[in-house]
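Letters are used for the chains, namely A, B, C and D, taken in the order the chains are written, and counting of residues starts over at 1 for each.
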Amino acid sequence: MTAFLTQQTVRFGHVDPAGIAYYPRIYDYIHEAFEELWERHVGVLYYHLIQERKIGFPLVHSEVDFANPLRFGDRPVVRVTCFQIGRASLGLRYLYSLDKASCIDARMITACINLERMQSIPIPSEYRGRFESILEPLPAKETRKR
Amino acid sequence: MTAFLTQQTVRFGHVDPAGIAYYPRIYDYIHEAFEELWERHVGVLYYHLIQERKIGFPLVHSEVDFANPLRFGDRPVVRVTCFQIGRASLGLRYLYSLDKASCIDARMITACINLERMQSIPIPSEYRGRFESILEPLPAKETRKR
Amino acid sequence: MTAFLTQQTVRFGHVDPAGIAYYPRIYDYIHEAFEELWERHVGVLYYHLIQERKIGFPLVHSEVDFANPLRFGDRPVVRVTCFQIGRASLGLRYLYSLDKASCIDARMITACINLERMQSIPIPSEYRGRFESILEPLPAKETRKR
Amino acid sequence: MTAFLTQQTVRFGHVDPAGIAYYPRIYDYIHEAFEELWERHVGVLYYHLIQERKIGFPLVHSEVDFANPLRFGDRPVVRVTCFQIGRASLGLRYLYSLDKASCIDARMITACINLERMQSIPIPSEYRGRFESILEPLPAKETRKR
């Protein structure tokens, strides 16, 4: 299995008075990693997907563990894998780490929909392979139980 | 059981090009409801808690279901209850609804910590009672399984 | 002359590590005051204006002075007046103060446009009167010079 | 004269329902360019400046012209120059453009302060030279008039 890797920076405006990334910002980081995955791994601008193909992937379920805080100036590595892929649903996992320490483990399940009809549609086959290429070998422990 | 109720507004800058609240904003709304809970239900400004008492409640685990989107101009009612309370951990549930339709069901588990030592501490007794007053009668189905 | 008054709260997530409102947030506050002005003073939801009438007021020029910082927990009063109104342009002034201390003085010039054609249009007469009712008696010193 | 150049991306969550970058986001972009200027041009992390040296550059005055909107997916080039430098004040100019079209012209005047005493201090000489290296040959027309 491979994974998509990217790196982000905890900026000045992301940090609360305690010096720690304000947690709603984490979800913003995750969306940014999602947009980068589309562009650099799938090969499609999320922009084009939405504007031209009228396809979107709204969030249906999220489950996130916060182990260690991110601080101002940190540059976490984000490791993105696919932990489940169905006909019309896509589960992506984002692991944030600093050096060897795991910081955030986020599992985000999105639905593939047609934005004009706001209806579920199958994930187009030209994209499916790209997500399968980062599929985890076995479901993660957390998700297997569900 | 009672619950803490508040209402929020989906503003212009919260909405993505599809006309739907950009989901990272939802976590910002949840934090805003959390701050209001402290001020109006517990009777303490979250500001004072952090700055003067050096106590904070960072997020440890979140689990959120998105059933129906929030759109520009929507004014969801937020119903906040406590779904679990331990010695040093606090699980709060935020149910967002529009009329009768449920939109978001968020369970957020925070830890009570001393911000100077960054260590877990017991939830101060003067606050505990306020959270117990909005305790759900039985664990929610989703959380019972865990 | 009268003015439109509102009040805002500097929340936890708005403050930078120095304990001061991260300045890009100030522009978010100003947009929020603008949306409230439409709803409570003009009597129209900015939502309806954009979605149904396809009219918007994008920013053309802004000039802002920062005299005193806003801090976590502050509840500044915002005093909104109109410092210039043209056929298709609207200059609104937002004065933020805490007790007697002035914090921010923002002059924001917007253009009235048709969002479908992206072209300048006259400010509809039914709204013009509402802005004239908060018109400053003489141009502010800052703007007279320009 | 040289200038510091960087490039930014208008992401999904930055765009309003009209498909245009929500203007308060522009100020967030400008702060991001400011942080990059420190890191890549001055050679100091803004993080270290604030946390270790207790020096900050809060905004005192901003003046921004919006000529053309930024849209979802746009990748504006940002050209940063210094339009005035005093003993304790620093005026930076950010020109956003797409191809040949100018989009935003922002002049931001900050004060150099000691964050512990919250008092104005001279710009340290080791940084001053870096800002002088991007000094505009003559004050920009907009600023000369003031």
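Please note the rule applied: a contact is a pair of C-beta atoms (placed from the backbone, for glycine too) under 8 Å apart; a residue touches a chain by one contact, two chains touch by 3 or more.
If you're wondering where the values come from, they're calculated on a predicted model, not measured in any experiment.
Relative to subunit D, the chain whose mean Cα position lies farthest away is B.
Here C-D and A-C were compared by C-beta pairs in contact; the pair with more is C-D.
The distance from the centre of subunit A to the centre of subunit C, with each centre set as the mean of the Cα atoms, comes to 36 Å. For the pair subunit C and subunit D, the distance between C-alpha centroids works out to 23 Å. Listed for subunit B are residues 12-13, 17, 22, 24-25, 28, 31, 50-51, 72, each touching two or more other chains. By the touch criterion given at the top, residues 11-13, 28, 31-32, 35, 45-48, 50-51, 72-73 of subunit B touch subunit C in their complex. Residues of subunit B touching subunit A in their complex: 17-18, 20, 22-28, 30-31, 50-51, 56, 58-66, 69, 115, 145.
Of all residues in subunit D, those touching subunit B in their complex are 12-13, 15-17, 19, 22, 24-25, 72.
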